[in-house]
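Take a look at this one; I'll ask things after.
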Amino acid sequence: MTLDHSDPEGAIAKAAKAYSNWGRWGEDDVLGTLNFLDEAKRREGAALIRRGVSFSLSQRFDIDGPQKGWRRRTNPVHTMLDTGTDAALGNQGLPHGIGGADDVIAMPLQCSTQWDGLGHIFDHGKAWNGRPAEKVVTSDGDLVTGIEHMAPHVAGRGVLLDVGRVVGQDGELPDGFAITEEHLTATAEAHGVRVGRGDLVLVRTGQLSRVRRWRSPHAEGSGGGWGDYAGGPAPGLSFTTAGWLHGSEIAAIATDTWGFEVRPNEFEHAFQPLHQVAIPHLGLLIGEMWDLDALAEDCAADGEYAFWLTAAPLPITGAVGSPVNPIAVK
Amino acid sequence: MTLDHSDPEGAIAKAAKAYSNWGRWGEDDVLGTLNFLDEAKRREGAALIRRGVSFSLSQRFDIDGPQKGWRRRTNPVHTMLDTGTDAALGNQGLPHGIGGADDVIAMPLQCSTQWDGLGHIFDHGKAWNGRPAEKVVTSDGDLVTGIEHMAPHVAGRGVLLDVGRVVGQDGELPDGFAITEEHLTATAEAHGVRVGRGDLVLVRTGQLSRVRRWRSPHAEGSGGGWGDYAGGPAPGLSFTTAGWLHGSEIAAIATDTWGFEVRPNEFEHAFQPLHQVAIPHLGLLIGEMWDLDALAEDCAADGEYAFWLTAAPLPITGAVGSPVNPIAVK
Amino acid sequence: MTLDHSDPEGAIAKAAKAYSNWGRWGEDDVLGTLNFLDEAKRREGAALIRRGVSFSLSQRFDIDGPQKGWRRRTNPVHTMLDTGTDAALGNQGLPHGIGGADDVIAMPLQCSTQWDGLGHIFDHGKAWNGRPAEKVVTSDGDLVTGIEHMAPHVAGRGVLLDVGRVVGQDGELPDGFAITEEHLTATAEAHGVRVGRGDLVLVRTGQLSRVRRWRSPHAEGSGGGWGDYAGGPAPGLSFTTAGWLHGSEIAAIATDTWGFEVRPNEFEHAFQPLHQVAIPHLGLLIGEMWDLDALAEDCAADGEYAFWLTAAPLPITGAVGSPVNPIAVK
Amino acid sequence: MTLDHSDPEGAIAKAAKAYSNWGRWGEDDVLGTLNFLDEAKRREGAALIRRGVSFSLSQRFDIDGPQKGWRRRTNPVHTMLDTGTDAALGNQGLPHGIGGADDVIAMPLQCSTQWDGLGHIFDHGKAWNGRPAEKVVTSDGDLVTGIEHMAPHVAGRGVLLDVGRVVGQDGELPDGFAITEEHLTATAEAHGVRVGRGDLVLVRTGQLSRVRRWRSPHAEGSGGGWGDYAGGPAPGLSFTTAGWLHGSEIAAIATDTWGFEVRPNEFEHAFQPLHQVAIPHLGLLIGEMWDLDALAEDCAADGEYAFWLTAAPLPITGAVGSPVNPIAVK
């Protein structure tokens, strides 16, 4: 797919039409490409558990996260309802020496490692499967495709495409680097791994490794900050991969970046145009801000880039996204 | 173990001493009984994925939950930062026809299906591994055993003990029913399943099935409410199972009830005495409010009560609990 | 005004038309009836400060409030970021012996003593001054009439109409009692007080006194609960007072009840029809859940029912309501 | 008072002893210097309402505030439970054409214009009136001196000391400028105003005017940000004013800065040493982040620096601070 930069809206419309999955799984569908993930695929994934080693692909959830308030996205505020200090001081009034701690959190569902639900993005007022956005997501949340519907499904065969390692320098792609279908294919070939229908694909750009170095107390000038990880320039998928995302029939895809697609976006004055095609038209489950580094190290070491992956969203009724702690097992 | 009802504090102290795991995994340990779950156990669990069918064991997270405000535990408040109605009406100011929805949640970490972290309960000012509670859990959260440390570990062999089905009537134990070691053993035998070191054990009492019927719009007098599911009388583990919990060397245990142990508790004026032994002394990971009904139906149908289970807590830094969407795969 | 019970929508439309203030203060108006409260009125109010005694008319804001989750209205959840226990135990790492406590709150803006902002209620998609509701209140809040615009204005002459004392039994009106213009006028006459343009009028029904007795630990059967204070049957203003609210040219009005108007509402299948006229058509500032009891006692004692009143909403940008601690000074 | 820079802890201890009000109002006191504000003072304040013009001294409460996450202090997150867009689209299911909007907020109580409660600061584990901090402020909040106790009291005679205008350049003091007793006295003399027992004193440094210019979209390089308003260098009261704060017997004091006292603080490695004396030892009510600019303009114009001031905290049970919308009336 060549990219016509002169007409963003036209290019988006063309891709939307070419790669639409509307109606593919019936008019009542609430799962999108998760439909590709079937029981056979789970059996295939399970066979990849050989050593029994498990990896969390989640960043942490805390106040020191990357969010800077854009669209009221803040970092999590975790506070205690009861503490060990109160317990130790006998302030809790509980019998026989028991003490307890409880806690509460306030956070955007897209603040750290996450899934975008199907109600997260619309194209010209249309949500996944062609539904009118205003009938799907109101102030009461996503009344149709809330992420709770995905609760039991996201467990299957995971594949890591470490594009940073294969295509980048020192394991990292530079900010603004657009990953094309050719990069994805070349990476899979270099890994000796196959990507196919129903797979959960993880694309490592290496940007998070770079941010992690920058955040280190020893990094000069960083002050421990996140820089522009949330919304700034980043490597990511090119708009032109829409066809590959559609044709490969993968069930879901996630990256180690804030925004999944390359930033700045490839059209002028655009905002996440690949999302605009991938979520409402393909019905694709997209993950962001995943921490793929430890898994990538292991894959590089043993040469196995496929594994069992469970990444179940919390069934928050009507949510258009969910924090997630994805677990890969090899 | 016989239960001396006359001296709760003495009975608790005796069990705490008899079943302590303090120091077992070194003085820096932050995982407790999760240490029992090793790579061999994961390979054993993986072999149980035969059909590829997956089950979510999570209740939903929403305002219609069971919490009634006790200890400031409320139900989740999920609100939208952007909606499809605004997108459809062109209120969002985004280019080229894209629209979006975002959301935010405020919730206690123990509001619905959850894990209790190791910092959740203290005994006479002592936290897991003998640490002083006031050095472990302050207003800044659990500085030592925060649930983030468990992030990659909770994936392995799950076993369902459907005590409700085996011991109860019509699949349910009555409120106040104390499940003993004998009930657990008899249930495992009836199922033809073995429980051992490193297993993730799920105990179904059937109380949630009862509450679900009660909440049905067709149930007379219910008004759709939860009754006293959160904190009221319930079946659950007897204090006397402390020895079994210790000796079986299981990695974790969860029930379909609010409080894991039988309620009212077996001592007068007591509050969750089994927690007081199991969390700070055994270092046992305890799950509550899990929805085991669909899985139990399937196990009854195919006779297989062991399966692959992933139940990774969200790595909320310093949390003493975490919401979780456990996924069982058979 | 006689009430045609057979045609709620018609009756509402008729009142809306008859008592509309649309355009009265220009098409850009964001203050509604607060425009009636001018500097002369403030001077008149100031002259009522004779003794220098002040009264808070606010209920408390805490988890033990009346909300039960309707429309996701919960009670406030107040948690600590730092505590005295941590400070005393030296957990805070601050120099020279200083320690601190900080706190955070999550709450609906209408959870306790409050003002309804002008963006709180719409009639057939129209907000105050005839604006389209969808252009006024989006997910970003009230973009036009947010309560921040009222920040400096709500200080002036307050008048208490203790209808419970004058018309009720033992100082209280029964639930379901509809207060008419005649009741308001008779009460003012009994008090020897005049109500006029720009006044801030407080109507005491006595329901809160009744609820307070019920909540007392000594009240039989109460369990300390609020019963149906939030949304249940209550005394309150009759729909027929719309004309008086308009003609009297008062600046604002508040009651000691959850819903201002009588409940159940006077039409079948209705929901707060007086709001539907008073807020979008009159542009009237309405307060709810005010605690008028201490002030009422004092007014009964000294016979003075007019006073200086300050009741400034918090300038929360784009809010459609605000918690408030109204202060009356006599 | 001369300042011994070599011994911060000694200097603090000396001031604490010299200016202590412990026991002055009995051992059960929960009001501190608010005790100075009596009915006579309110009558005196009321007489200052001459024109009837009112000023809000509050900054706004929204996501674009100055907080940067220090000690988990974030800016308010205000979200909608219902909107006008949903109402306009008929999504709300309410009868007869009524529609509604509701909202919710999550915020630190010290995020914008605020009062520090008496439980906000401790000195060597001691809270106001000599109480042990750990018995006063636990995870359950301030059990003794919660800000709800102040609910009816904060209404009286306000005095503006516009030190920025009298002592500064172009109406502003530079960051790091320590305001001494001499500056306060000279300013009062320049204004022709007297400060005395029971007054509510407002000290304008001009820093907020500077920040406001900086935040203007036209300011070069600002990007609309707040810079280091929250916690960075600022003009403010010198530690040496502790004696004046004590001797003047004022009821409360507030500034237009984040931290009330000069920053960087006057001792090395210190943190808010004047707070450490003023709150736990004097029992002084301190306000921060007040917007005094409009009022200051008016005072400069008419030469009247005393006025009626109402600044009632929200009665949040157990809070150690409160947002406030102070209203000055002249």
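Each chain gets a letter, A, B, C and D, in the order it is written, and its residues are counted from 1.
Here is the rule we use: a contact is a pair of C-beta atoms (placed from the backbone, for glycine too) under 8 Å apart; a residue touches a chain by one contact, two chains touch by 3 or more.
By chain, UniProt protein names: A, B, C, D = Cyclase family protein.
The model shown is predicted, which means the values in this text are computed figures rather than measured ones.
Visitor: Just tell me the minimum hop count from subunit A to subunit C, counting one hop per pair of touching chains.
Guide: 1
Visitor: Contact counts by the stated rule: is the higher one at A-D or A-B?
Guide: The comparison resolves to A-B.
Visitor: Same residues or different residues: which describes how subunit B and subunit C meet, taking over half shared numbers as same?
Guide: same
Visitor: When the Cα trace of subunit C is superposed on that of subunit D, what is the rotation angle, expressed as a multiple of 5 degrees?
Guide: 180
Visitor: How far is the middle of subunit A from the middle of subunit B, if each middle is the mean of its Cα atoms, in Å?
Guide: 27
Visitor: Would you mind pulling out the distance in Å between where the CA atoms of subunit A average out and where those of subunit D do?
Guide: Inter-chain centre distance comes to 43 Å.
Visitor: I need the residues of subunit C touching at least two other chains; which ones are they?
Guide: Within subunit C, residues 64, 72, 77-83, 85-86, 88-89, 91, 104, 106, 134-135, 138-139 contact more than one other chain.
Visitor: Would you mind writing out the residues of subunit B in touch with subunit D in their complex?
Guide: The touching residues are 77, 79-81, 83, 85-86, 88-89, 91, 104, 106, 139.
Visitor: Provide the residue numbers of subunit A that touch subunit B in the complex, in ascending order.
Guide: 8-9, 12, 38-43, 46, 49-56, 58-62, 64, 71-73, 76, 78-85, 87-89, 94-110, 119-125, 127, 132-139, 141-142, 148, 151-155, 267, 269-273, 275-276, 308, 310, 312-321, 323-327, 329
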